[in-house]
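First chain written, first letter: the chains are A, B, C and D, and each begins at residue 1.
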Amino acid sequence: MHMTSVQRARVAVAGASGYAGGEFLRIAANHPHLEVGTVTAHSNAGATLGSLHPHLRSLADRVLAPTSVEALAGHDVVVLALPHGASGEIAAQLPDDVLVLDLGADHRLVSAAAWEQFYGTPHAGTWPYGLPELLHVHDGAVTGRQRDALRGATRIAVPGCNVTAVTLGLQPGVAAGLIEPRDVVAVLANGYSGAGKALKAHLLASEALGAAAPYAVGGTHRHIPEIQQNLLTAGADAVTLSFTPTLVPMARGILATATARLVPGADPAAVRDAWAQAYADEPFVHLLPEGQWPSTAMTLGANTALVQVAVDAAAGRVVTVTAIDNLVKGTAGGAVQSLNLALGLPETAGLTTEGVAP
Amino acid sequence: MHMTSVQRARVAVAGASGYAGGEFLRIAANHPHLEVGTVTAHSNAGATLGSLHPHLRSLADRVLAPTSVEALAGHDVVVLALPHGASGEIAAQLPDDVLVLDLGADHRLVSAAAWEQFYGTPHAGTWPYGLPELLHVHDGAVTGRQRDALRGATRIAVPGCNVTAVTLGLQPGVAAGLIEPRDVVAVLANGYSGAGKALKAHLLASEALGAAAPYAVGGTHRHIPEIQQNLLTAGADAVTLSFTPTLVPMARGILATATARLVPGADPAAVRDAWAQAYADEPFVHLLPEGQWPSTAMTLGANTALVQVAVDAAAGRVVTVTAIDNLVKGTAGGAVQSLNLALGLPETAGLTTEGVAP
Amino acid sequence: MHMTSVQRARVAVAGASGYAGGEFLRIAANHPHLEVGTVTAHSNAGATLGSLHPHLRSLADRVLAPTSVEALAGHDVVVLALPHGASGEIAAQLPDDVLVLDLGADHRLVSAAAWEQFYGTPHAGTWPYGLPELLHVHDGAVTGRQRDALRGATRIAVPGCNVTAVTLGLQPGVAAGLIEPRDVVAVLANGYSGAGKALKAHLLASEALGAAAPYAVGGTHRHIPEIQQNLLTAGADAVTLSFTPTLVPMARGILATATARLVPGADPAAVRDAWAQAYADEPFVHLLPEGQWPSTAMTLGANTALVQVAVDAAAGRVVTVTAIDNLVKGTAGGAVQSLNLALGLPETAGLTTEGVAP
Amino acid sequence: MHMTSVQRARVAVAGASGYAGGEFLRIAANHPHLEVGTVTAHSNAGATLGSLHPHLRSLADRVLAPTSVEALAGHDVVVLALPHGASGEIAAQLPDDVLVLDLGADHRLVSAAAWEQFYGTPHAGTWPYGLPELLHVHDGAVTGRQRDALRGATRIAVPGCNVTAVTLGLQPGVAAGLIEPRDVVAVLANGYSGAGKALKAHLLASEALGAAAPYAVGGTHRHIPEIQQNLLTAGADAVTLSFTPTLVPMARGILATATARLVPGADPAAVRDAWAQAYADEPFVHLLPEGQWPSTAMTLGANTALVQVAVDAAAGRVVTVTAIDNLVKGTAGGAVQSLNLALGLPETAGLTTEGVAP
């Protein structure tokens, strides 16, 4: 489907009761070329969107249908916001010419072995990866960006939120051969919405307020193989990654501090240029002026990634810091950006770069 | 000025370094009929918007000019986001056919005596009041709403944020003669952005986190006469108000709990209907379904007011709760709504009802 | 039991896995005259305290026993931190000479009718009420304080947290005949720990951060009859109360704004004196200097109530604001204060007035 | 001075208006062997403690004297909570037999060159370092801990808060020769009180709420040479450190994620044992059970450090996470612990291990 500027594509959202599905609906409700069709849920089927997402005023009266292939039929676009492992079966039954975006992890990884190691279920296959800014590097030269693979696509695997932040922070240095991808260390400050709406004691407000606490420490987080895959695409020959996310008391946002050693002999003065060039023409990824550091609050509700980079000569490391809204650029906004490319719309349609701050 | 659907009005913002000015720019940058022109500041003149408001990505390179009548000249719209008392002099020198919106208090009050009692400076005069939903009641009958006075206006006094919340909560009952305006009690939970960007110790994050604390207790808050004025417009014969705002640890949002006694002999069953009718056709003020209560988070970044009302028979009081984003519906979004009316644009142009939640 | 200064009383805690039970243990672990004995739980029986309350370092290895009369036997003190309605049956089986403190509501109300109206279960009976500062007024004169009834008591009903805050704010004016108890309005900002550890969606951090939202609006909150009962004790002839709690993004704390009309003819100048006299000798209730307002953060972890009062002459109302830590002065600290009285210890033993701030 | 169990030492606090000085007073006010004497300030001289630190109830009426050697004279203990660079001159004029604790950085570093590189002022000299748990390693064997150097000391340099967290996290592995100190990466989540009470725009609550943002990125933070110094003491032959602190929306707390490569050939199975042995007998540093991760909230107000360690075999790194309250174990509590050692008191006197949670 290639849209003209006056058409609206009808979009169905499966898993609309969760945070990712709700955020997609928030953006879709204000998108000039999208029209929200069926919305579905599992245990919340029968409820109104207004009762589950009181912030979605224009859709408050919509009633959630039970998730099924039938309910999702007859739309131009289907968005799957389902638990990991649940989208493969439904996706397989949707027509080939419908644009399907999977906000879950099922179709992101190329390596079935990595999938099975980290997710423990059979691999559902690999779809075009929805990170338009991802650099493709072959033999040390940038040969393109991932957006080329998304134009006209009918299946898109939307990246993980942490993955987006870490990849955008590091890839310019990897692509330019300036940083060593074999000993990357990434520590992230994460807002609670990234953990979803599950009723778990450690997600209660009483526990969260005043607390910073890590989770999935020691190489167990499922986003690790996805980051490795991206940095390989960006030119790394191998990627070793220590990855530690930490929950901090905010609803949204990821601040990813990712550091890698400067390649021996590399010119530190070339670092800033590499990042500047990588993102000079990107509408949603902004290298901040020198001395200004990203804050997650600046990206709230926006499809913006703010990036900064510094060389620590004494430590021999390049330090990058990237801020995104995990639900926008990290999930639903990134999905709409890819959707726009797939449908032939302007890449920025329906998306804003202005964060809601303070 | 009456705009066609394809024109863009050029807007200058005086006091663009503060939170109110920044928020107007955030909305203006995404408004289909506005084009941001000159931005000015006082002590921050010479700085870029990007250094002061890193979230305003599309305007990051704009340089702030010193605030002056000359700098503001040549625009279709001028927005004054200046400290109270500072806008009168500048406004007096702007051409009559330019639309001027004052986000400060200077031109809100009809009563010069009330102005002088609460603000202590000479009264700058009264402009059309920018609360489109304000009910006009004469002899017990609704004769119109404030939006009628805003169409084609060239001067608009934008309401105070607390005032908007309390007025929207109470006015249906006042207009319907169901609640007694002579002993109103309002207590508000306020986000910190309402206190502005001034460098004061009690506004530091270390002091705010984990803290709820009142301010301006005991009848001293400057929004009191403005609320009284509005409820008089909505049909009260006299208004007595106990008003206590409290700062709570959130950046944005007002939750206003406002209660008044049910008029003796009034039918409690009529209460819900009165509120429902008052807001049935309002695009931005929503009475929630029975049993659902407003949360400020649901209005973040949106021009939405969420209202709920209950009758406490044992206490003989009607309790209303209203949630808004103080910087949007409470300030800059309300301003744009009025601007839209003044310029003949759709009232909802450039505004969203969908809050950024969670 | 009347203790000497070198003894330690052995205390058992039933319901130790919740926030109230955990807080009692935090204080008990540092109390010079208490020794923690058996700790029990329902669904968490078998778990260690360290897994449920990692902050209780000195008790981390204790294993929770299933709650039963047998498990609680053989202690000098038993603390019941059970869901409302669950303590009556257990309490009835404990020996008369054991000091039993009920942190739940079961034994607070004198009126069985009020209990049944608000709680819907049979009344378990009334115990001495554990608010030592509660004024007793007969025929317009203060005849004593509740602490007199607690010395040597063997059963104590610990007050509700909101009740403590509102009662302490208003009782000096009621006792002095300065404020009219027939149209009290109280609005509270509440930290999330007051809502307990239940796994409910609206208690998730993602929902709470950035949100202020009311609950139990319109006369339904169970603390209403308890406040009324206290103000009657303090000299009111009848109490009418509009009561609205609101959750705000903090883990602990209650800020209670409670207002009542100045009695016609009463001298506004007498107001401050009444509050000053009421609390001049209280170790834990402090009237702040004029112009300084309470903040919940100042009471964190302390058994302190900070009170301020102002007269709003234009509104004809006295406004009081009271800050407490809901888990300390509002629950477990208040319980220890009463326990000290019951056991003949210094009233302040094991308690601090210094809040953990900032 | 060596105290008997019934004596109280009189302590003066210079710089009592800031957060560090206030926190020392909070602990001192509840310490069985301390008596608060003179409190001083610079710009706040003449104010009461109650106006600056309303949480310090028992000291509310104390008036701050101007900071001077004369004002500090006549005390057994003097605590300097002054800006970096300000304590050297005052300390030099205090009698040798008075115990002086410097909460600032001036006397921490052994290397004058490192001091001058990071602080830019002349070096004031080196005092015994107040981290009792610091391991002393020579030729691969633990020869003692820093507490041995603090018994009877009359001058103590209290460590930096970030330094305490990172040192406690890493030193067991360094001392045991299990981790490689030449490529340490530490990323910290920091509460705002660590940034002090300075009136800076980025410390305002409006900016902080919802925001995670780094500062002092790229090798510029002044705590770097101090961490290096400590790890050298703990047995490292050289230390290379990438260090990035990030502000997150909490008033207190440091969560330090510090990672280092496993030494080639080292046995991963030995890692847990090394940490367990290092802290088995420490009253304030607790290695959590396997699978349980530290949260800053668990240490609030307590002198506790919670530590966890994991081996990430795929990344070849050991990951440690340490949580402390920056104002307690990170500053004032650590100071009291050292003071206890210096005065011959029980090391734990006046300190608690129980955090105020939730």
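What we mean here is this: a contact is a pair of C-beta atoms (placed from the backbone, for glycine too) under 8 Å apart; a residue touches a chain by one contact, two chains touch by 3 or more.
Just so you know, these numbers come straight off a predicted model, no measurement behind them.
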Practice task
Going chain by chain, each one touching the next, work out the least steps from subunit B to subunit D.
Solution key: 1
Problem - Farthest chain relative to subunit B (centres taken as mean CA coordinates) - result: D
Problem - Interface residue overlap between copies subunit A and subunit C, same or different (over half shared) - result: same
Handout entry: Where subunit A and subunit D are represented by their mean Cα positions, the distance between them in whole Å
Key = 38
Exercise for the section: Averaged over CA atoms, how far is the centre of subunit A from the centre of subunit C? Could you give it in whole Å? Expected result: 46
Practice task
State, to the nearest whole Å, the distance from the C-alpha centre of subunit C to the C-alpha centre of subunit D.
Solution key: 35
Completion exercise
Listed in rising order, subunit D residues that touch 2 or more other chains are 19, 192-193, 204, 206-207, 209-210, 249-252, 295, 297-298, 300, 358
Handout entry: For the subunit A and subunit C complex, residues of the former touching the latter
Key = 19, 191-193, 195, 197, 199-201, 203-210, 249-251
Exercise for the section: State the interface residues of subunit A toward subunit D in the complex, per the touch definition above. Expected result: 183, 185, 187, 189, 206-207, 209-215, 217-219, 224, 240-244, 246, 248-253, 255, 257, 259, 261, 293-298, 300, 308, 310-317, 319, 321, 323, 358
Fill in the blank from the handout: subunit C partner, complex, touching residues on subunit D are 19, 22, 26, 29-30, 50-51, 53-58, 60, 192-193, 209-210, 251-252, 286, 288-289, 292, 295, 297-302, 304, 306, 352-358
